[in-house]
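We just call them A, B and C in the order they show up, numbering each chain from 1.
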């Protein structure tokens, strides 16, 4: 029986959180199809506890590609490895994270595997009768949901939005198999070299992966005031987000931008201060679990999407929230 | 004119509460503070009201006016508070009467191309509601996202599209007004012509709330032009830019807008927006919009105007046809005022208007004043109308005292030149309000000023309707 | 240096309005514009041309109206444009689209760089760039935020990834997808527009390409859309107003209660 696969991404030898989320997706598909769930773990010096953890959290078989040449994502190199594995094992479904790597690797592989690929899915299911993978994704800025399938091609491929599922609880008695994947020596042809990594200013992680994002917009009026957002984010242990207006004005750098021309995010909490909620911005936060808005305009668009809103002057409200968080910390 | 008023006693407050209900009346300092100022400098012009009322009907307003008339209480009508001349500031205390809760569209009459709406509707919201009809209200004040229809009419607002579409007054067919005595009168109607008696409707347009309260209006609508494109044209000097304006107008093409931005305005706005437009060697820019219902015609006109600029010292002619690029360049123009505020919140936004042929003469005068008073005076505005927003900006290094001393001296000199030498006026679209009333008296010939006083006296003999505005 | 830029025409999002009742999108008018993220790809190519000389070629696939975006590209300063227009292309998914684009690039001749925007704002898949690279067997560098050390046979870029900016060296030819941060787009000029009006735009149909028609259009697309649904926004907004100091404290109290109820202050408790 053809397996269901997920791609487990690593960073500096550690398996990324999103990989466990993918296993939860994969597990339910594999169970419906009554097949094994495999995961392809690609990286260098991969932490062995993490590998076991992948099994505890859902994988039946681990295809382990561990080689110094795989320490950073290089599309051609990762794709060659994956394509070889696909042609040998013929999985019926492959899901990867809709991250910068996943969104690069999957289309590159799909072309060569002549496979259908659906980007950024929020729901995956198996169609009764045909056993086709039903892939549902938001389109046109999240305002419609399109369900897509690939009836005549295998494997069926999809990327899944990070944070759109919870990982399964670890089960330490799950049986699993590890299969080492031989890594071909580097060919001269794809001599793409990763030279280094420069961290993002004022950010500990990325906003796509953050639990809480505190975002500011035009309502902050000027660059100096943006520090209110930064301070509150710090108090929350959150990442800083921003509307396009704030980024375009140079108050904060582009990696913080949320919305159609920035990042689409699904944090547990999104707090938007001084963001009116242009349609392009809302498209980026539709899948946030909880949205809190602080705005002085009762008519602001963002209130249509918010779960909780404080209508008032953010210059009063933000410091008050920050003060309260500080008190909790001290208490 | 009368300036002695009755203070609002608890019993008067009760009477007012009985009329508007307790949800529409407030006196607590925090809340009424918002109604003590408009967009003019708070430090210079704000004044607290005694009570703020937010009535929900014409009847309520009428009853309130009767109370005010009976006790001689000043009433200051208020729209969105986006005014730039202090018109909505209650300098004698008393009642601020805000129409904010009267914000409904009452009727869209597609057969007669009219819309009737309450005074408190936001101008942009009115157009949003009209969208499905393919019709629009052509008034386009730059504050259209916040300002109210009633305020637009009371100030006869102009804005960015007046070159082609004219100012608000052109579109007002009818209105409902509550007089200072509390009478409700209907002026005009849905007719497009009307010489039945004095044109009182016209008298109320631009009356700055000093003759009565506009509660409803019937507005003439136009079909939405399907296509619009823009040119952004840099010139080496402001003079070069301004000199092209009359030439454009002579071509038989009527642009929707011809906006002017001088070097200072551009620098401040671009820096505020983090916009990297090349500004090296640029002294000023024109932002020109052409709209129409025929795509080819719009394109043809655009090129013709662009060529004319190229032939008259334009350094480059940028073209913005798609929405993204158009928004990008309009954003520079729209954010100038905000950018100047961020640079220095103490400022005086001027609004002089001159015959368009005289525009080139305004800038050298400003340059000379800027040097003489050591003050930055960024200048931008509606060049196609001869209406320029020179903005006196307090030098962040000089003291408030210096500013308060220098500002009126500079303005007197400036206005004398505009009115005396160029035949211009001291306000094109912002109004006289509180801010310019003494200058207005200075530059207005006596017989004309007396006529204005006579009108005010006839309609509001107790001087309770927005007292202290326009006239001293 | 020769760059080929791939651009797309998309519906204008600001034209799109939300239905306040259902939370869905109303497409009034449906004006089409150049994909806003493709402008950065065009600007990147033009800056390379400004610095290193060479040409910028632009390709778009789409209906007759897509000529408009090609004209804009010329007005910005691009040299040659190709319009891929054929009913045979209609209904292509990213797999089939990338095939047609790759075939057109092959016909023009593999350039030093193929550049695209990060993604299109309508489909939002970000798949076409890497897929084109796959057809052409080119190294692919996605999410490029800056370019340094561009020589005739290699370049170094910084890619904006989750962990930060990754510095990568690649041989040329290569395909880049660029993010907004890479450059501030120039404005089109009247001179450019006049040139665009005078330019004869080359249109290629399926038969002009050395391509297998079974790989294009709906027929050649592995994926099928089986259902479109408009999700209802089920969020209920609890609103509190701040008018004075007391109501400020009250509002923030309520916010904290709300966050606690949803267990959103987990790690922050004392």
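Keep in mind that, in the parts below, a contact is a pair of C-beta atoms (placed from the backbone, for glycine too) under 8 Å apart; a residue touches a chain by one contact, two chains touch by 3 or more.
Quick caveat: nothing in here was measured; it's all calculated off a predicted structure.
The chain occupying the central position, as judged from C-alpha centroids, is C. Judged by contacting C-beta pairs, the busier of the interfaces A-C and A-B is A-C. The distance from the centre of chain B to the centre of chain C, with each centre set as the mean of the Cα atoms, comes to 40 Å. Centroids built from CA atoms put chain C at 19 Å from chain A.
Spacing of chain A relative to chain B, judged by their CA centroids, is 49 angstrom. Contact of a single residue of chain C with at least two other chains is seen at positions 14, 36, 243. Residues of chain A that touch chain C in their complex: 11, 72-76, 79, 99-101, 103-112, 114-120, 134, 139-141, 143-153, 190-200, 205-206, 208-209, 212, 236-237, 253-255, 257, 260-262, 264, 268-269, 278-280, 282, 290-293, 298, 301, 303-313, 316-317, 320-321, 324-325, 328-331. Contacts from chain C toward chain B in the complex involve residues 12, 14-15, 28, 31, 33-34, 36, 39, 72, 75, 184, 187-194, 243-245.
Those residues of chain B lying in contact with chain A across their complex are 272-274, 342. By the touch criterion stated above, chain B contacts chain C in their complex at residues 28, 30-31, 131, 231-232, 275-277, 303, 306-307, 310, 316-325, 327-329. Those residues of chain C whose C-beta lies close enough to touch chain A in the complex are 11, 13-14, 16-18, 20, 23-25, 36-37, 93-95, 98-99, 121-131, 133-135, 139-143, 145, 156, 158-171, 179-181, 221-231, 233, 235-243, 247-249, 251-252, 254-256, 258-259, 262, 264-265, 267-270.
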